[in-house]
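Written below as structure tokens is the structure these notes are about.
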């Protein structure tokens, strides 16, 4: 019995200390300090809302996740914009990118807080539409980021043009392998917008422009590093003449690098990745990976918050905001332009 | 009022190899309380299960209200108006009194899928009032005392318009005042012309409320007598009065001569055991007799540490020991053979050698916890040989052995562990006659070698044959202790065993 | 007369227990033959080594799970505890700069402590294994994220750590025979597990508890303590899996691990261990894990669409357990 009590006590202590540190993290999110809230926003708002400036604008961002480095970078961009524009933001997302239902719950909770505007990166392009309709009815502007939804409710979509970015990966691949040969692709999943766009962007560009390159296999690894590794090995085994390998997100790309190392095929296969992260950066520096496409996650977060603030003030915002992407390889990895968008 | 409700005649029932009922008869009149008595296994329950459709009779006739009927299942019995109140309560604890009474026949509203709770509570209130019971129909059953729950169960039975009500040990869990309330209710039912079959071991109660008594023994009908014409002693004599094979009694030693190896003082477990005190001598076989539910197994489990106790002290070889779990009892040299061999006794899916070694595996451990399987096999072979276990080998799974041989393996398990105090709970249950004698011989040999044995048994001849001394228990108390000399008899034991302590 | 009887029963007994291994092993061989015929790329040294390597992590998890499943329990936490172990190893080696061996011991201990806590909750607090380990699964997942700060931890400073699974001791001794160390670790763990389960006292109690827990308790066995020990053993194996995984990815990935426990349980079950306890072998689990990875590898090489691969694996689990049931009923 006494043992049981002490375990319980331990658990409580752990929970409390964990909450404590979380609280600190939350405080850091809002940038400027209270007195800074002065006239600038008030002047711009139209008549009648005189008591509004006393309250800071609140913009929740419901993301696809938070664990992944990519989303941490988006978050940092959003926090940067929040500090500059002096608004409060929160940033949350489900644990895995398959938990569509959990994400909808988070969106519902965010809406219930009656925010000034909302940022939303849909895991499913259809499922959220009823909730977004509610937001529209309540007059809350929605800014979609990363992936769009099949609806015209969002005021704006801040995203990487994944089709174009993956197309660029195809161009680079062709250039590197000499315009002919067998190529394989590992994608994180076949249901999300980014997965579909990156796959199609790569595949279509190959078909249209490089008829001598044959895409022999496309498989899906769920973004799991270990599973993608075994997957890539099996694909290399099945296609011994493989010349190029494209990984459509960080986990897939790292899986391919691991597979190439383990199969001792360094130099025989041209690997092109997507997103950044320390492992990919190291692989590019060591020559294991030819190069990668990076989105601009910091830019996505930044532009989303900026667009949300503008929309809530009734300003017009562009329907589509391209946050841009870059190709980076050994030659430009240390340039300022690249350093600004990649993360470790 | 002398109309006969039920007449059962020539009832025969066989179970795989056992002749459970041999041409039994029983009749019940309207408005009478008719007791059905007999030892454990005399066939009372089987007889009543035939009447309530749990079992189907092999032969014989059942006449209900002058019409021969076939009772094929419990539903048919219920339709006829035959209800049974079981020893263990069959109420859903989280439902209300009314919901329990009307379960399966809930009043519906005009729309058939809606329940009419109002009507149900109203009807329940009427029923409760008729029986002069002050219970709110909407009370959850779990909030009632056991006695009140029992009364609710009776009302549930009569709500089917039961003409015949069978009560199996209805007073087992009740206090004296609660029993009075039950008897008042029985009297009311009698007035309404309900016939009641009353199964009980408590002789005093039988005298108090029954009109007639039917005695059964070994699956056979003995006699039916009017309660007022017969003494309790006579009933007991009828219950045990088989041709007693009078065994050679063991050599007796007075307990004073013996070195005490185990002493129990004031063992108490709330509502189960009350102030159990006794001692056990070296080389003694102490028989523990009593009826089912008297607290014998509970006593054994408490000493063995299998169940927690509320009070009491246990001394082994004069040294006070603290037993909070079986592993500590075993450390003190106490071994326990459960009455439920399959569930608590052995590992049916494991082989003979593992079962033999189970209590003493630690002794076959060598460096780093590796098992010394050679030595284990040698010891197992020895046990198999010593106890004359019939098995193709020590690698045979226990489930392929007969009951008697399984029991020998379990005994072997405790011998391997060097336990010198052995508690045998129904050691010959489910074992055929030949093997029984081998087990008897084994017990006698063990005692002769200086092991001390507590033997719980429901078979009085077994108790009388093996025990040096006999304890009799009733309702969680020790109600009698006798030396197994010429004064000891089945009748005396039964008298103690039915003696209600108050 | 009696001797011949004994001999007859004995040989029948041996055949029966042999049959169980044979059935699983037979299906493994059949699968390998099938894939070898279907694709010339399957039966090649490098691919077979690849299959073994991809079995290692799930395989070691399954070895650990075998212990609790033989007691009639279950451990749902092995997937995320494995992740926590790799994160702790990362903390020790990459963040605090401690020697590699300290990190390994730390990772193993983390697993053992998690198993110990699960065992404590089950044996002392009486919480059903399913619930207790479900709670541990979430606690471990959360702690892995908290401790790592949701970021992967890389072992780039200590290349020797990577050698732990990706290097090849055998390849150094026999040139060309490049079997990665992770595979050796897996087989070593299997041998240790097998000895533990079949030759030591803890294994003997393991079967006794799974066969009939109450009877074992009433035989004076301190069932509670042994159960805690058994869950700790499972935790220790989980720690081995965590280190293998970290070493293979050269990083501790805090967001992985969820769902691995189910694959481990599937491997155990395919290997003929009964979820109701009391029956099971380590060699069965090894074969079960191999069947799983041969199947996924083969289907990938045949370029079967990934969504169909999952369906096929599901049916194989059904089939394997059904075949095992049939065999038991006959026995």
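For reference, chains read A, B and C in written order, and residue numbers begin at 1 within each chain.
Throughout what follows, contacts are C-beta pairs under 8 Å (C-beta built on N, C-alpha and C of every residue); 3 or more make two chains touch, one makes a residue touch a chain.
Everything numeric in this text was worked out from a predicted model, so none of it was measured.
*Asks:* Which of line, ring, star, complete and other names the graph you get from chains that touch?
*Replies:* line
*Asks:* Just to be sure I understand: the centre of a chain is the mean of its C-alpha atoms, right? Then which chain's centre is nearest the mean of all of them?
*Replies:* Central by C-alpha mean position: chain C.
*Asks:* Mind checking the centre-to-centre distance between subunit B and subunit C? Centres are C-alpha means, answer in whole Å.
*Replies:* Roughly 47 Å, centre to centre.
*Asks:* Between subunit A and subunit B, tell me the centre distance in angstrom, where each centre is the average of that chain's C-alpha atoms.
*Replies:* The mean C-alpha positions of subunit A and subunit B differ by 70 Å.
*Asks:* Express in whole angstrom the distance between the two chain centres, defined as the mean CA positions of subunit A and subunit C.
*Replies:* Those two chain centres are 34 Å apart.
*Asks:* Return the residues of subunit B touching two or more other chains; collapse runs of consecutive numbers into ranges.
*Replies:* None at all.
*Asks:* Where on subunit C does subunit A make contact in their complex?
*Replies:* Where subunit C meets subunit A, its residues are 39, 41-42, 44, 46-47, 50, 53-54, 57, 117, 120-121, 124-125, 141-142, 145-146, 150-152, 154, 156, 166, 180, 245, 248-251, 253-256, 258, 293, 296-297, 300-303, 306-307.
*Asks:* Within the complex, which stretch of subunit B touches subunit C?
*Replies:* So the residues of subunit B in touch with subunit C come to 304, 306, 325-327, 329-331, 335-336, 338, 343-350, 354, 357-359, 361-362, 364-365, 368-371, 373, 392-393, 395-396, 413, 417.
*Asks:* Under the touch definition given earlier, write down the residues of subunit A that touch subunit C in their complex.
*Replies:* Result: residues 3-4, 7, 18, 66-69, 72, 95-96, 190, 217, 219-220, 224-226, 229-231, 233-235, 237-240, 254, 258, 261-263, 277-279, 282 of subunit A touch subunit C.
*Asks:* With touch defined as at the start, can you tell me which subunit C residues reach subunit B in the complex?
*Replies:* The contact residues of subunit C facing subunit B are 5-6, 8-10, 13, 195, 199-202, 204-205, 207-208, 211-212, 214-222, 278-279.
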